[in-house]
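Got some structures for you, see below.
Next, two complexes with chain A in common: one pairs it with chain B, the other with chain C.
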Partner chain A sequence: MAKKPVLISIVVVLAVIGLLPLLVMFLRSVTVEGHFSFAAYEGLLASKNKWILLKHSLTLSFLTTLFCAIIGVPLGILLAKTDMPFRGIFVVIFTIPLLIAPYIMAVSWFNLLGREGLLARFWGERTAAVTSEFLFGLPGCVLVLFSTYMPVVMLLTITFLKTINPRLEEAGKIVSGWPGVLKGITIPLIMPGILLSCLLVFLLTLGEFGVPMFLRYNVFPVETFTQFSAFYDFGAATAGAIPLALITALAILFERIFLRKKTYQVKLASEGNRTIVICLGRFRKWFAISVGILCFFMVILPLLLLVLQSMSFNAYARGVDLAGDSLIRSLSYAAIGASMLIAIGFFCGYLIHNRSLFLWRSMDSLTVFLFALPGTLIGIGLVLLWNRPATNFVYATPIIIIFGYIAQYTALTSRVTVSMLTQIPASMEEAAQIVGAGWLRRIGSIVCPLAKRGLVAGWLIAYIFCLRDMGISMLVYPPGHDTLPVRTFTLMANGPADLIAALCVIMVLATLLPLGILTVVFRSRGLTE
Partner chain B sequence: MKSIVFKSISKLYAGKPAVLEFSLEIPRGQRLVILGPSGCGKTTVLRLLAGFITPDKGSIEIGGQVVVKDGKNLKEPEERQLGMVFQDLALWPHLTAKGNLEFGLKAQGVPASKRKQEIADVLRLMHIEKYANAKPSQLSGGQQQRVALARALILKPKALLMDEPLSSLDLELSLKLRKEILRLQKEIGFTLLYVTHNREEAFEIGSRVVVMSHGKIERIGPVDHIRQYFKQPPQF
Partner chain C sequence: MNKNLLLSLFLTVIVSIVIVLGCRKATDDSQIVVVYTSEDQVFSEPVLRDFEKETGIKVKAVFDTEEAKSTGVMNRLIAEKDNPQADVFWANEPVRAEVLKQKGIAAVYRSPSGRGIPDVHKDPEGYWTGFSARARVFVVNKKVENKPASILAYTDPHWNGKGVIANPLFGTTTVEMAALFTLWGDDKAKAFMEDMKKNNVGISTSNGESTDFVASGQYEFSLVDSDDAVSRIRQGKSIEMVYPDQGEDGVGCLIVPNATVLIKGAKHPDNAKRLIDYLLSKATERKLAFADCAQIPLHQGVETPAEVKPIEEIKVMKVNYSEVAKKMQEIQPYLKQWVGF
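This part shows the complex of A and B:
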């Protein structure tokens, strides 16, 4: 019986790589010189500055989530349910910012609104001063993070709309027009999905530190990072990290109690892939033009300016010279990380889906919690746990970066596995079992081939997240092992604008090109839809 | 000689009994049909025997070997030497008909030359030789049924379990396949445990019928006896 040992090993791996660092971090926050103490927390509660930081973090997350919902939900409905032209192209373009590191969008917007940006060239310094003031601070952070995370709401809205049983809408259409059906039936049915996407955006924004750091808006993750890496104040950094962990835990609890069952109900009501299309009639082209304008200003213009800013051979030559090795490392670590993540995530997803061990629910909660936690927190935990002479083989090597990826992103691959396994009838594995196949043979010969589309998709998603990661890599990378996002971010402090833009473009290409190539290859082999 | 023995098996789901104090003996070579409405526990009995679920109480013997004792599985499904045809057939879509048959033989460590021979024999027996290299999606409903039957029989199981295998077919095809199942059972002589909610199907396939209701055996006997039982007017 290989099943139990393998699944228990996966649980142990995730506990050591994901949970143990957090426990060590918590213990560190309640000890002073080896004695139990709440001094760090007392300092935290007494500090007015920390409360301001918390307010900043929550305000930024709330506003970003609000704007993402206001734009993302209607956009998702337009792209999923109407006959508006160019829907597929719009979905791809709007999704690009989500695939790249958020600070790249910040640099892109800086090239538009900054003191030497495009607007300054057209409308002079006075306008530039106003736009620059807007960019550096809360409004700028909201704008950048909105353009980065809006696709989360848009994509989840599209996904949940596809799960609605079309008959429910048809029953509504008998007695009402589309506005009434959307308001009274469609949107209420996907409301749990919308709330889930909002929760995700809220947590992603809460944990983001690259954009607020670049745009000089002080939030909790920035403070934690600074305390840890600049002042080496471990106590303050860990105590400062706990409120973020608490907020994350509360958010996960909210999802568990109020959203999970409801989102499943929507899925159960699905009926194939049929979706009823809303005919926009004469408004079709006007909607397309409006969405096109939004797409141009939100995605195309900032990225175009980034490319234009980088347009010099010298910048790219210097970029490759300064960060070529980081690029190769990034690609390799992302590929290794994605492969490890798909292996661990597959077994974790199998465990959760089949409830193979009694702690399946805990594993599900742990992976989701780790995914929602700010990367900086996981990074601090990993450093605290592995930074010892005996474990230098982890701490001083790229293994610690891979550990970070596994800790934070296993939820992605395990969730993909769960959703894939849900589509495979249990009888497939049972049929193999009854003819005498052992567990590993069933997994290798039946389950994996049937789940290959999900595995490929899971690998690609994991690869993208590993490649764009900065929160963890920034804190844990050993000397000489920095990744491209880290190298670019460190050069951003005083590097020339064209060099930074060139590095950002390289980063975007490093994400999108392998993704495009792999998608084409897998599609040609019929592995992805 | 008893092929299968259930002794006081009970299975509860969320506190509600799916099967309650279920006891039954099936002699070797018998065709036993479990008949009952949806939710009466008939599929649960089959899944308990296959080992996919564990009973809360009771024991099960297969071919004289105890596979479940005091509500504990002593043998995994892959160790029980049973064949099963699932309601949805569960043909592996990524494998050809031949691949579906070969999988179990490989799992049992049957050498390649013997595998080839056995597959050829079963394909011939089921009249599906020319579909050996077709994938399930390329086969008709009837051909898929034959492949599923062939897959269940190729390992010469101690008993064949069938969970409403004909429920999704039209009447004409269903009648044809009932005859086919009877022919095979006569030729090979396997013990058959067949689950259905269709009375006519039960009376045609079975030599003995168990009527189940609310997780319990309501009636058990030869086909004629059960047919008579259903003809009686309800007692008030």
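This part shows the complex of A and C:
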């Protein structure tokens, strides 16, 4: 009885929060002084600069994805399938950059490769000039975004490897060594997962704004922000985002056609968590050393330098003094955002999984599309829609930030819900229905308890993304409600390096500490593995 | 367990709404003032905090990022013209304040604290008042022997490929270009800009970056803001500061004061006026002179550190900020084309 009204309400909420701002933006971009006009789009086609930006965006996304795949897939295999020592520790360390705002990694690399970075101190100004030249531009952006997004490929490779039916590999092992099994059986089986991870990295890089801006590499999201912030040109900002929107739509289509219908040779429930381990033998130690070196240079060294740069009591005292309120706000908004996202995402995912409304496919596409769009674009749409006296209860309060989170990150929680629901047999809900349980009761008594691990995981993922968000928050935060990433970014203008480093370290701790505590709490209650 | 989980979820949502609504209530409090500022947060926030301490009025601020090129909050104010959220705009230069006046976003307020500030740094109709200025100066690498003395050095073949300037589409460099257009006329100013191109002048993303380029020796000189120069000199960078065009025939050095604007339709007008009075006071000018931004006080007799030249000792470029603001908007298409945007 309650099913349709609840699901329709979710559709309406997402349409108002996510779709309507984009429609308003589009309408604004084709209106000049009250008249219909394609002037902004004519400028887009005529501008040579736009084609250069498109080339920049695509090159950056392609190279980042390529490097993530080249390193992330073998690393995932090493960490999931072999007996290499310290695998758990490596997984945790490699994942850290994914959990923190990408521009923090950019600041960290700047402390290493910048003109006054560590290398300059050891090898002099000439070397620093070369490394600085490398960092500020395409190579630097690729390096930073590779270290940030490589864990996506690594983690999804690990996840998909765990779903492989071990009997298939055992059969392969009878006639071939491990290289042959990996090449002929394991990798082809997880190929949809690898492609999905690559697509994710591609889209995340395409929408990334903070790193290219910090490293002065002009790409579309930066252009959108500049057109809006520096020129106040809504039309040009919207028109400039159209190529990105088209690429995003194409990527979603690609995922629909090539990845969704792939069949997975998943293991039977009776197989449990059993995976076949590759024994590295005498190479075990050497693999661990190689991965350790990669881990040191990719994650530990840049973050260590960030800590060293911030090593003064004054910097931390000033950081807490200047940004303490922002930190509390960040944590609160992220917790609120994650809670709203898990509630909305759950019902959205339920709708998609059960195809409960004819709009299910559109909802799925809409949430993924919004996730892949640059945050700056969503921010502009929200400003256009809600900036009016009648809607000040949204525009002039932190609700607008929460709306931004919902618009951009619902795909995360809805996708987690979908994957979770596929593991719950429909017969269980049907059985409860036969004995007369209403829909809400079935959701509360059957589906949610069975899906609790996924819900917790979804909440944590949403929390991280809300906490590290900058693109949306930067454009929409009401006076006195800036978040820590925004405050750190605004303080970067002429702010002392040690203070910025201290704020970045505080941001890292603010992400990792609550995450660690929540993981421990949930684990102690048996909610996570 | 399932009920607990559901309950927790619902509680979280309810608590969320309460917190958000609570935040809204705080915004309605009359003991606050909302200020948008394009002055760097690291310099403006200490002043705003002192104001909070001294008056008990809570300041809610929106700051600009370096990347918004000091125009982000101005554009936000324009976007909010029919739904004003800000009470005060603290601009880091007067031209954007003038733009707000021309767009009908500013309100008239003649602060008693601004009486000692020369009229040239104030809007004659009282829509904005200038205070604590930056000068547009050359930073020159210490290794360079004959230092450039005029902005015409940018077009002098002797300096071919040796000068760098921040992107003229943004910030104070736009103001400087617009000022030259008003001073020289369009033809001469455009010829100057084309000659700059021919002379292989480098374009950086900001004045700060230009200063760093000169300090590292990548370029020999650049026109930047005096706060960029002073902060790097205090950090021990290998640069010197030169005030351009100080000779008899020189056009003088462009002075860029901060400016305060009372926003039309401000929700807290009394608090806004108190904040403006505070910003225009001698005490604030002294603070900003001794801060790392090393700004030049416009009141006479305000104590300054050694490296800050008093305004009386500088030959100032004679410009009308109102004309500069109009010109700045007019030449934007040309500047975009010049940069290749």
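Basically, the second predicted complex is superposed on the first by the 519 of 529 C-alpha atoms of A that agree within 3 Å, B and C clash if a C-alpha of one lies under 4 Å from a C-alpha of the other, contacts with A are read in each partner's own complex, and residues count from 1 in each chain.
Please note the rule applied: contacts are C-beta pairs under 8 Å (C-beta built on N, C-alpha and C of every residue); 3 or more make two chains touch, one makes a residue touch a chain.
Just so we're clear, the structure is a prediction, and the values are computed from it rather than from any experiment.
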Putting chain B and chain C onto chain A via the overlay, clash or fit? fit
One more residue to check, A:Arg115. First (chain B), second (chain C), both or neither? second
Touching partner for A:Pro449 - first (chain B), second (chain C), both, neither: both
Which superposed partner A:Tyr463 touches (first chain B, second chain C, both, neither): neither
Which partner chains sit in contact with A:Tyr405 here, chain B, chain C, both or neither? Use first/second/both/neither. neither
Contact-wise, after the overlay, does A:Ser339 reach chain B, chain C, both or neither (first, second, both, neither)? second
Let me test your reading of the model: by the given contact rule, A:Tyr149 touches which partner, first (chain B), second (chain C), both or neither? neither
Go through the superposed model and pick first if A:Asn387 touches only chain B, second if only chain C, both, or neither. second
Rounded to a whole Å, what is the shortest Cα gap between chain B and chain C in the overlaid structures? 8
Residue by residue on chain A, keep only those touching chain B in one complex and chain C in the other, then list them. 445, 449
Help me check something: in the complex, which residues belonging to chain C touch chain A? 1-3, 5-6, 9, 12-13, 16, 19-21, 23-24, 27, 32, 34-36, 40-43, 45, 58-69, 71-72, 75, 78-80, 82-83, 85-86, 169-170, 205, 208-209, 212, 216, 218, 227-228, 231, 292-293, 332, 340-341
Which residues, counting only chain B, touch chain A once they are in their complex? 50, 52, 76-84, 86-88, 90-94, 103-104, 107-108, 151-152, 155
Considering the complex alone, what residue numbers of chain A touch chain C? 48-49, 115, 125, 129, 213, 216, 222, 225-226, 228-232, 322, 332, 335-336, 339-340, 342-343, 383, 387-389, 392-393, 395-399, 402, 444-445, 448-449, 452, 455, 474, 477-482, 487, 489-496, 499
For the chain A and chain B complex, residues of the former touching the latter: 1, 425, 427-428, 430-438, 441, 445-446, 449-450
